[in-house]
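Chain naming follows the written order as A, B, C, D, E and F, and within any one chain the residues start at number 1.
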Amino acid sequence: MCLAIPGKIKSIEYQYDGLVRMAKVVFGGITKEASLEMVPDAQVGDYVLVHVGVAISKVDEEEAQKTFKYLEEIGEIDELVEHAQIDKNSIDEGISKFL
Amino acid sequence: MCLAIPGKIKSIEYQYDGLVRMAKVVFGGITKEASLEMVPDAQVGDYVLVHVGVAISKVDEEEAQKTFKYLEEIGEIDELVEHAQIDKNSIDEGISKFL
Amino acid sequence: MPQLDFEVITLGHGSGGVLTNKLLESGVFDLLKNPILDDHHDGAIFQLEGKLAFSTDSYVISPVFFPGGNIGELAINGTVNDLAMCGAIPKYLSLSFILEEGLTMQEFWEILLSIKFAAEKAGVYIVTGDTKVVERGKGDKIFINTAGVGQIHPKAEISSRKVQAGDKIIVSGNIATHGIAIMSVREGLEFETSIESDTANLNHTVKELLDTFGSDIHLFRDPTRGGVATVLNEIARDTKLGINIIQKNIPVIEEVYGACELLGLDPLYVANEGVFMAVVSADVANDFLAKLKTLENGLDAAIIGEVVEEHPKQVVLQSKIGGKRVINMLVGEQLPRIC
Amino acid sequence: MPQLDFEVITLGHGSGGVLTNKLLESGVFDLLKNPILDDHHDGAIFQLEGKLAFSTDSYVISPVFFPGGNIGELAINGTVNDLAMCGAIPKYLSLSFILEEGLTMQEFWEILLSIKFAAEKAGVYIVTGDTKVVERGKGDKIFINTAGVGQIHPKAEISSRKVQAGDKIIVSGNIATHGIAIMSVREGLEFETSIESDTANLNHTVKELLDTFGSDIHLFRDPTRGGVATVLNEIARDTKLGINIIQKNIPVIEEVYGACELLGLDPLYVANEGVFMAVVSADVANDFLAKLKTLENGLDAAIIGEVVEEHPKQVVLQSKIGGKRVINMLVGEQLPRIC
Amino acid sequence: MKFLSEFRDPEVVEQYIAELHKITTRPWTIMEICGGQTHSLVKNGILNILPKQITMVHGPGCPVCVTPLTLIDKALYLAEEKNVILCSYGDMIRVPGSKKSLLEAKASGADIRIMYSPLEAVKIAQENPSREVVFFAVGFETTAPANALSVLHAQRLGLKNYSILASHVLVPPAMEAVINDEEAKIEAFLAAGHVCTIMGMNEYEPIVEKYKIPMVVTGFEPVDLLQGILMTVRQLENGEAKLENQYSRVVKAEGNLEAQKVIAKVFKTDDREWRGIGTIPKSGWEVSDEMAEFDANKKFSVNIQKVPECADCIAGQILKGIKKPFECSQFGKACTPLNPLGAPMVSSEGACAAYYHYSEATEEVLA
Amino acid sequence: MKFLSEFRDPEVVEQYIAELHKITTRPWTIMEICGGQTHSLVKNGILNILPKQITMVHGPGCPVCVTPLTLIDKALYLAEEKNVILCSYGDMIRVPGSKKSLLEAKASGADIRIMYSPLEAVKIAQENPSREVVFFAVGFETTAPANALSVLHAQRLGLKNYSILASHVLVPPAMEAVINDEEAKIEAFLAAGHVCTIMGMNEYEPIVEKYKIPMVVTGFEPVDLLQGILMTVRQLENGEAKLENQYSRVVKAEGNLEAQKVIAKVFKTDDREWRGIGTIPKSGWEVSDEMAEFDANKKFSVNIQKVPECADCIAGQILKGIKKPFECSQFGKACTPLNPLGAPMVSSEGACAAYYHYSEATEEVLA
């Protein structure tokens, strides 16, 4: 459930007599309006996660990087290349299981 | 103004708890509903003059015949045939006036 | 009707995906089956030589089902007849639907059956098609477009340039019947009648006439929208000649006449189907009429007037009582009058 | 735009009478003028020899004006392209309008201009037509049907029967652009974008490819409604062969990609215009691609997959990350998702 | 069709025509008040088979033509701004208001429906309880009973969403306005048969008396019209001025008393503006106070600017028979049936429209 | 697109796959609760590149699939009988109620509109003051803030014609229901990243503690999912049972406090029926008493008959991972995506629908 995608805030305007912050958020070249009511500290330039027209979270750049350091962290990165070769076969087997 | 044409009453039914008489009236093979509220004495088989869905008068057969007896009555019917010939020309003149 | 797992048409049936395929393969393709029919490709391919005629019409009639027929046969007959009016032998038709969401499959199937029978009767193949679905309230149950290709009859020389003073004008049957049949079921105007639309394919009759009278037939026209009056005016305008029409010769059935009186309409302006007009040279007019009366849909044919040198571009009608008046083109739609 | 004494279309303009004539003669006929155009008759007459292609489509797009074009050019390009997909040189088109009461003359005129330019650009003549008007609320501004006749290219041997394992599948440009451009202006979904519809006539490009590669081209298809996925499935079904597609080879521009992410759509199912797919023999695939890249609308062409013996009737996609999945036909319309 | 076909019999027509040609010795100008009679004269080609000395002048008797601009604007306002379902007779919807016609408003989205009968409009109101339904009740005396009945039906049904926009005009005051105009030179009248069916002939006695002008209540078929004209010419030739009844098969001296009762219940007499002529005192019917809740004028507060008629239009003089259409500077130029500037160009029985069609022919033939 | 493209990088995917293959020694059954994750697994072809020992079970986390029949019937009733403008997310309108789907109702004339956002529905209400607008507010915790905001917006605008038909389900109770089912043999969970974005991770600590079951809060992109699975398998292989957060770029332990405030204002916790599973105590949100005027359930008196699910459908067992779709007697026969009998065949991420597409392939290949 819950298709939400990250976009960059291009501009912010106020609606309802200044009560509500609405942003133009850019997603890969397209722009869509989103409410910033759930992310009061989001500013122009920030990335926010938008779900059905509402930004539900800011996206944290630093935390994002952790995913790419995780394998290194768990200290196993060196042995990977050879395994990758082996797995090619196992992948094809996997497919034929489904077809 | 006031396109009204004569038709023959085929059937009569009551509407609004019997307050209103509505008739099926036949006009040269087609049938249309008409209110009989303005012709309280009209019965099945009578001819009525219908205007925008309302019968506004019965049609009197005897009176209708008078039109065909009128020329005779005014005592001139005998001399008509020769005039009719003459008038053919005058008709064509009449037409060319308009064209 | 085939067993289907849907009862009404929805937008998905026009999406081009599974539902569109389901709809088409549920029986549409089977129903219209013929050697050339759209081989799941974007068009049909066939061989035709010589002079060709090509015509199209969209059909938007309301109601879709009317006394005497439905929009399906109308759509086939209409284009078949337009081709025939060009002096062509109709061969191949395209068939394109714009369906409104909510059309029931049962209605659609009934229309399809009419299409099938009308095409068979006219001897034409439906070889390519298209189906679109529009949202509820953006259409009117079903619109149909047909386009058609035919081969010009070898003896045909149909052209307004061939029309000359003295030519006789013939209608092939009672006029205004179709338009009044439709009117009888319109909201706010309904009346009871046994009048039925006389929609029919005219191509077989036209072909026989061309076989026999060839180049003595100068023009064919089918007086659909706008009626006989509009076609007469168009002929007068295009030929720069005058036309005289004799009202008492114009065939109208009594019920149609009655409905016209009631609603204040002039049958000359009421739409026709299954009726054509021909302009033929005076020499053959009587023979043409006699022959036509023996052919399909020709029994009530009549010579209604002639082409004249006088009053160029004008159509003059001699009324039943001997008066004359100019018959103009229709301004706007004919609407029922109160006065 | 000509000076007219009406600003909006009313029912009278479809009545077949004076208003219909006024509308058509106000400039429509002038605008589309060509030697064969409907001589005020019921159809067009022309000479064509050999193997012919015949195709039709109705256009019902909403909104009528969209980023990058309008329904008019779509209607011309659509049928031109369907003919081209048959391996034909498009020649003559019919043009049929279903106008909704209230369409402004200005909008209609703008659409007519697009039609004119699109027909000129494609090198086709509009030779016959029809105009109907439906009541407000029974249409959607304007529906257009076009049908077309073309001559099969002498070297063309387009047929799903020619497709064989090993053949390469090529798309001629970025996919899903048109569908997303339309979606960007739909009520309830609107978003800002510079994406424009890429509607275009493909016949010139197709002709040059046929000139060069002739019978090595086994199939052309334009992935309009239902998108690339539907065409791939239809090919697999018709040929009873399998198809493998490489996701990373499929050209999609970034903005279209973004919009698909936002709305939960799969670009493989989004409608295209101005894009075709070709199935060509493996020998010529690279040359074909190289040539196509030099032709109009072919710059972004790519080989996206191939025909295989395995998994007959199935389309299998290798995802960007190396996984595989079956690509099915679209069930119903693609709708924006929340999950 | 009985009572129609006989009255279109060419032989009888021929006899009447012959008699007319025989007895007519001098030029006579006769006005047929009723647009329906104008229509029949034109449609059957009667005008050009009459003796040349007889000039038929087409009177103001077309309810559609004389409906004032302001009222059409009002109907437009109700349809466009108040979101009502506006029901109307077919020929009314083509008549231009100050900016557009109902037909154009319909094309632009207003819910305007063509009815054969006002009783159908009541059904529409029944079927659409959440919408206001207004019937545009135009007409002369003939149509008043039907329009009135629709109100009574709505009342019986307890409908709160039905009302009428009344535009009812009366023949006798208009007739007097024509006679009183110094420039009008009408020597006799064909009175309108269907109006008299409702109202009888008694109203006309005083006019005939007062102005010493022949008048024949006449029907609508060719034989009716020719008999009516013959009766009129006989009076003229004999120097008489009587009220006669050609149309006795439906017209009684006292009219239709039931219909008069219904009218009295729903309408009240009032001054009324006639398009092209101006305001004529006591020449129209408004909805009565008793039935005020069915009066669209009262139900919807509409304040429509009165817009002047086109200044160049000489409709007033045309409708009174003072001038012929081709004497108007706009005729056939700015003013055509497709784009009428004034009332008589509006409907097919309007004098300007009738002449327009003939003059088209003339131009062609002369060219 | 930043924060998307990196997480789809084939090289990174390859590394994670390799690591997974390396460390997996035994069969493991892991449930991804969230339908969005199911979708991503299927769409990216991840299922068939995982080690064969890993079985992913698709959980009940598709709000569209678990919306009960009765509620769909209610929405249908409002659209068809009450003439409301019913606004809904696109994937909801295809789901069949007891007689038809909203899409079919729309085809038959109901005014049903597809919205990207509930805030758009509020605009529709503003633009149609004379119509009632109801938003069919389905969703898990993720969607609740947006649905709630629409109510607050309507309140600020003083709209009296806007309400929501709430169908809000909650993840933790459903998770416990799955765990507590004796037949379900789920050994670990991927928790739903976007649900946790709103609610945080604190709700899950007790579950992990109580049932000693590994749980990783996971994102939706291929790399996210693979990292999440890897973290889960590492726990499983190591015999651990921890709550971990793979999706830390958006999920904070405490969740989104602003969103929680808005939810608390508009909703209250209640028992809720899950299609295919049955009623789970305290597993849903209803509109709070304070906001009762925006509750379509209260605004419209609707008495919908509760209709039983198809008796042959084993959706409950499917949604809990107890049975595979092809073990259902209706699968691929009476029940297909075009004509689904039960929740898991309904939307593209439903387990039965996913298997249906694969099995089609299988049949063909085997034939």
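The definition used in the following text is that contacts are C-beta pairs under 8 Å (C-beta built on N, C-alpha and C of every residue); 3 or more make two chains touch, one makes a residue touch a chain.
These numbers were taken from a predicted model, which means no experiment stands behind them.
The chains that touch both subunit D and subunit E are C.
Common neighbours of subunit A and subunit D, by the contact definition above: F. Across the assembly, the mean Cα position most removed from that of subunit B is the one of A. Look at the contact of subunit C with subunit D and you find the same residues on each copy: over half of the numbers used there are shared. Looking at which two chains touch through the most C-beta pairs, you get C-D. Greatest centre-to-centre distance from subunit C is found for A, with centres as Cα means. Subunit D and subunit F have Cα centroids lying 37 Å from one another. Note: centroid distance subunit A to subunit E, computed from Cα atoms, is 75 Å.
Averaged Cα coordinates give subunit B a centre that lies 19 Å from the centre of subunit E. Separation between the centroids of subunit B and subunit D, computed from CA atoms only, is 61 Å. Counting partners per residue, subunit C has 10-12, 18-19, 135, 137, 254, 257-258, 261, 264, 310-311, 314, 316, 322-324, 326, 328, 331-332, 337-339 as the residues that reach two or more other chains. Residue positions of subunit E touching 2 or more other chains, listed in rising order: 1, 4, 14, 34-36, 45, 47-49, 62-64, 89, 103, 116, 120, 139, 143, 338, 358, 361, 365. Counting partners per residue, subunit B has 1-3, 5, 27-28, 51-52, 91, 95, 98-99 as the residues that reach two or more other chains. Taken together, the chains touch in the following pairs: A-D, A-F, B-C, B-E, C-D, C-E, C-F, D-E, D-F. Across the complex, subunit A meets subunit F through its residues 1-6, 8, 16, 19-20, 27-28, 35, 37-40, 47, 49, 51-54, 56-61, 63-64, 66-68, 70-71, 74, 76-77, 79-80, 83-84, 86-87, 90-91, 93-95, 97-99. Every residue of subunit D that touches subunit A in the complex is listed here, in rising order: 184, 191-195, 253-255, 257-259, 261-262, 264, 310-311, 314, 316, 322-324, 326, 337-339. By the touch criterion stated above, subunit A contacts subunit D in their complex at residues 1-3, 5, 24, 27-32, 50-52, 91, 95, 98-99. Interface residues of subunit E facing subunit C in the complex, by the touch rule stated above, are 1, 4, 8, 10, 13-14, 34-36, 39, 42-49, 62-64, 87, 89-94, 103, 113-116, 120, 124, 138-139, 143, 222, 337-338, 347, 349, 357-358, 360-361, 364-365. Residues of subunit C touching subunit F in their complex: 5, 8-12, 18-19, 22, 101-102, 135-137.
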